[in-house]
Amino acid sequence: MTSAWLRHAGSAGVYLRTMAVFIGVWWLIALWTANPILLPTPPVVLDAAIGLARDLELFHHAGISLGRMVISITLASLLAVPLGLAMGLSPRFERIVDPTIEVLRPISGIAWIPLALFIFGIGNALPVFIMTYAAFFPIVLGTVLGVRTVDRRLIDAARTMGVPQRTIVTRVVIPAALPSLLVALRVGVALSWTAVVAAELIGAPSGLGYGVEWYRELLMTPQVMSFIAMIGVIGYICDAGVRWLNRHFTPWAAAR
Amino acid sequence: MTATATMTAAASMNANAKLRLTDVTKRFQVRGAPDTVAVDNLTLDVRQGEFLVIVGPSGCGKTTVLNMLAGLDTPSSGTVAIDERVITAPGPDRGVMFQDYALYPWQTVWGNVEFGLRYGPAGNGLDDKARQERVRRTIDLVGLKGAERKYPNQLSGGMRQRTALARLMANEPDVLLMDEPLAALDAQTRIILQDELLRIWGQDRPAAERRTVVFITHAIDEAVFLADRIAVMTTHPGRLKAVIDVPLARPRGDATRALPEFQALTQHIWSLIRDEAYRATVA
Amino acid sequence: MARDSTWSRWGTGLVLPLVLLLTWEAIGAMLQSPRTPVPTKIIAAAGVLIASGDLPLAILQSLGRVFGGLMVAVAIALPLGLAMGNSRAVERNVDPVVETFRPIAAIAILPLAILWLGTGTAAAVMIVAYAAFFPLIVNTVAGAKNVHPTLLQAAATMGLSRFTIIRTVVIPAALPSIFVGLRIALAVGWTAIVAAELAVGAKAGGGGSGGIGQMMFIFYAYSIELNRIIVCMIAVGLIALVLDRGLRALMRASMPWVKS
């Protein structure tokens, strides 16, 4: 236990040291360019961040963006997982549906923004639509892959025990496909989070992406940077969250 | 050669055949190439309560035969039957042990052993208590007491093999079909598990009370140690070359391996498949 | 199982898209609003845009920016990644910074880029470079690190210097991983440029940025040509496919020892 703690403390130390170097270089360049709009110094940014945090504006927008992502991932999963299961279990069904998916997949969620703006207008629905679309494809493909790569022998073993087909799907195929599904979920979350920024920047009246753009128009760079940093932090937390889900629900799968 | 095979096969046909393969042929269609004949006109009986081992070089169709007995595959022509009923589908009466155990990684040992009883017809008519009792008995039988809560990735190879065995034994099958179950183990563990296998099977009980076993292996000494009879197959296409009786007394143990009859039988069988095995290495 | 002829496979694949397209066309005819986008009008719009040269020009502009950004990213990420993969010290000092910025999507940096470089090509290239940097460096480091130690030992026993080993063993061994990173970087870069051009188009009032993303926005905000928007969307998708397939072909050609 102590050795793990020491290891974590050690790597935290390296992290702080490296970031300190980075901040130092930033500070020097900021002083040299002497343009507070172009590149504010670290303390100014920190000050702005604290200010935004104190009046909760930063957290307010973070919560909104996060909420949109939770809704999008849920929607995307509800659509993509059953579809992926059906495709993985029935080659015929896959052959019918797959080309349509493969045609739509290269059209990124972001390319949908103008059309979606027309359909939904500026508001909550737009980011959720874009994010759901973005997360949908990796989750479908990951589910299909997970189902297809289930070890044939696991299914055969159940058959030789006389287990009925439906139970095989619920008690063998789904648990065996779960690791792949959760990996795909990680990708979906990442793509979805990227999409939220783009969608909010262009087409939403709230959220972190909106905040970044709002303060840019006001030329308040320290606040812009604070929001950008928050985007990074939440992105990291979400990824860590899905990784935790991986470890918790599929402990037998190799850690990625 | 063929005449001898037919005579030996005919001699082994008798009334109390548990499993019967009659003129079984299995062809596999490969796109753009002529069909592969995995098994060619095979006729073989497996007697009730006997331990039959199928031996032969790689690719001689041993696994295909097992799959057909299991019902995972159907013959292109000919019939496969258990108790005179044609086999069309897999079922718990013919338990299968696969080469890499096929244990469910998300289930503990207990969960794996319980699986067939919980989700399959073998558990019908068992209430929770009776089911748990049977699982416990089976786990004790294979020597896994204390490891119930472990996951497969925490088990050694030998323990995984016991778990796989327990999983199929829990369903109390009439027939055990085993596809090279000991192949992945090191030599020392292999020997110990061969003894264990015979014990669990009940080698000192009369044939009527024992389960029927069809066992596939590459290792000739393993075959001679375990078997009542050995079916020798050849490859390209897979045919039955000979059926050899193994008259070594039961119960068998370490002493059996030292007997001169053991050596003689091993040599004899090796002589039957040696040429084919050599050709497989240079092909 | 019956043998599948390629034709019957193609057939089943086309069923669903055809049904959807026909339904769409029918609904459009029923709605009778001139602005509703409909497959036939989309094809017509595509013809117009291609013939006038607008679409090809926009695509070329965007592609140019993507390649520009990609080159910048490769120039930084490849040497840095190899250095990190070969030296624990370098990795320990650089990795924290990389990992801190990796969760921040390129598009979030766009306002900063516009602040620093204006709304033109420079900012666009910067965004693409930023976006492409991360998959490139992650995969280069992984490729350099995952060189099988026995390969390195074999080279060492033949008396090669450290730099020669990097040049003749590490780089070829890491090449598949690097290409994977390049593939992802290309896809990410293409998405990023569309997003950047879209956003700039939205904020700069439709002037100056050029490229397919901006064209899409103009069709949305100014001429409200939904058919043309959809043409652009399809173009975005097609280009993404072509880029990916092209790179895969390049991979197969330059690394014949790798199973594709």
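A few notes on this one:
Order as written gives the chain letters A, B and C; numbering starts at 1 within each chain.
In the analysis below, a contact is a pair of C-beta atoms (placed from the backbone, for glycine too) under 8 Å apart; a residue touches a chain by one contact, two chains touch by 3 or more.
What you see is a predicted model, and the numbers here were worked out from it, not measured in a lab.
Considered apart from subunit A, the assembly falls into separate touching groups, namely B | C. Chain centres here are C-alpha means, and the one lying farthest from subunit A is B. Put simply, the chain nearest the middle, going by average C-alpha positions, is A.
Measuring from the averaged C-alpha position of subunit A to that of subunit B gives a distance of 49 Å.
The mean-CA centres of subunit A and subunit C are about 18 angstrom from one another, to the nearest whole unit.
Measuring from the averaged C-alpha position of subunit B to that of subunit C gives a distance of 54 Å. The residues of subunit A lying in touch with subunit B in their complex are 151, 153-154, 156-164, 167, 171-172, 175-176, 178, 250-253.
Those residues of subunit B lying in contact with subunit A across their complex are 70-72, 89-92, 94-96, 98, 100, 102, 104-106, 115-116, 119-122, 151-153, 167-168, 171.
By the touch rule above, subunit C contacts subunit A in their complex via residues 9, 12-17, 20, 92-97, 100-101, 103-112, 114-116, 190-191, 194-195, 198-199, 202-203, 216-217, 219-220, 224, 226, 229-230, 232-234, 236-238, 240-241, 244.
Put simply, subunit A touches subunit C in their complex at residues 14-15, 18-19, 21-22, 37-38, 92, 95-100, 103-108, 110-115, 117-118, 193-194, 197-198, 201-202, 208-209, 212-213, 215-217, 219, 221, 224-225, 228-229, 231-233, 235-236, 239.
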